[in-house]
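As written, the chains take the letters A, B, C and D, and residue 1 is the first residue of each chain.
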Amino acid sequence: MTTTTSMLETYPAEIKLGRGRLAATIDVLISCAEACTACADACLSEGSVAGLVKCVRATTDCADICGTTARVLSRNTGYDADTSRALLEACAVTCGSCGDECWARARMHEHCRICAEC
Amino acid sequence: MTTTTSMLETYPAEIKLGRGRLAATIDVLISCAEACTACADACLSEGSVAGLVKCVRATTDCADICGTTARVLSRNTGYDADTSRALLEACAVTCGSCGDECWARARMHEHCRICAEC
Amino acid sequence: MTTTTSMLETYPAEIKLGRGRLAATIDVLISCAEACTACADACLSEGSVAGLVKCVRATTDCADICGTTARVLSRNTGYDADTSRALLEACAVTCGSCGDECWARARMHEHCRICAEC
Amino acid sequence: MTTTTSMLETYPAEIKLGRGRLAATIDVLISCAEACTACADACLSEGSVAGLVKCVRATTDCADICGTTARVLSRNTGYDADTSRALLEACAVTCGSCGDECWARARMHEHCRICAEC
């Protein structure tokens, strides 16, 4: 059981979403943020970095947005469905763009492959 | 001239958006993030905090999302219009919700009024 | 195997720290940041929030600092030992303060107990 | 008067630090975080990016740490001097390393010069 699940189970008020799915979503976002942070840095250390700058940018944005989305979803006090929905949509768009960028490099760079599979 | 403007002016490649408007947008987002961080904390220090928890949550989310949006807009390498647009839309929704929350308290709490006007 | 470990294993250059210990440290910091974000929000939803504002503040700071420390440790390009050491020291101080705050409430609030044990 | 100053002036409890100096410090940290985010991205867009990866990493770390320090200093509820002091020390070390990195490139890249002067 992850920390996210334990914490959600002890939340002292109603949560309008299923706690199991919510915890799973937060954990995926946290993993994706970490993979993207690491992939941006791994790209920087490749000899071919000049060809990877778009990937560095896409993963850096994706890390920022997934991290923020995970934190927003972790807050249940005064839940605002509009904010969550709009942010999740932005997060999906960003993950799509970043995934395309990483897939295009997945054969050459193992870190891009793992990041794309997140 | 703000630091944001100076930095955008020295960006070494093409920027697909007007640099003046882009800098102004980033600066507004940065100010809003700071106002929201401070408003969340000021609400926590009010004797009436129990009635302000929804405001603490809304401003904390808004600070996170405005901060991330400012950083994404500050990156021009490999610009991806879809990511920027989706994130700006999520940011507008969040600022709307947070602004409503702060306006409702603007008469009682000066920090909520200033935050709402951001 | 966590995403953090997989990503560190594919880093294309030398890492001056043991990869296993580094991954474990990053994962602990990420879990701690999530627990703290959730604990701050759970405290906000307690009826006794007025007595928990110091805990909300401590956990919010701790989430910010652990999140940043995890990202800095996830970057290995151009490693700077002075930055890592100073930030880890600040992180240890913050976790100590936050842990004290959460322990003091651990008997009354399960979310504070789990957060304190992180 | 900056938003930071307005917000600090409306904080409803005692602040153990001078509000003017505190606001100035927060504003400098916010500017520095923005300059570093923009400098990391400008370096990515330089033809000579392969020689700038250490600068990208240093500015990315510095942006993260300055942003977090600004947020921690913006929170006055339940002030903890140990956390603030330790984080400011880590921030000073990071800014020193990042400044050295940017100064070394200040003659060639205007964005590094402006960033170094922050």
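Everything that follows uses one rule, which is that contacts are C-beta pairs under 8 Å (C-beta built on N, C-alpha and C of every residue); 3 or more make two chains touch, one makes a residue touch a chain.
Here the structure is a predicted model, which is why all the values come from computation and not from measurement.
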Does the chain B and chain C pair touch with the same residues on each side or with different residues, judged by whether over half of the numbers are shared? same
Relative to chain D, chain with the most remote C-alpha centre: A
Sort out for me whether A-B or A-D is joined by the greater number of C-beta contact pairs. A-B
Between the Cα centroids of chain B and chain D the separation in whole angstrom comes to 18
Chain A to chain D, mean C-alpha position gap in Å, rounds to 25
Can you give the whole-Å distance between the Cα centres of chain A and chain B? 21
Going by residue number, chain C touches two or more other chains at 41, 44-45, 53, 56-57, 60, 67, 71, 75, 77
Using the touch definition from the top, list the residues of chain D that touch chain B in their complex. 2-4, 6-8, 10-13, 26, 30-31, 34-35, 37-39, 41-42, 44-46, 63, 67, 70-71, 74-77, 109-111, 114-115, 118
In the complex with chain D, residue positions of chain A that touch it: 41, 44-45, 47, 49-50, 53, 56-57, 60
For chain A, which residues count as touching chain B in their complex? 53-58, 60-61, 64-65, 67-68, 71-72, 75, 77-78, 80, 82-83, 86-87, 89-90, 93-94, 96-97, 101
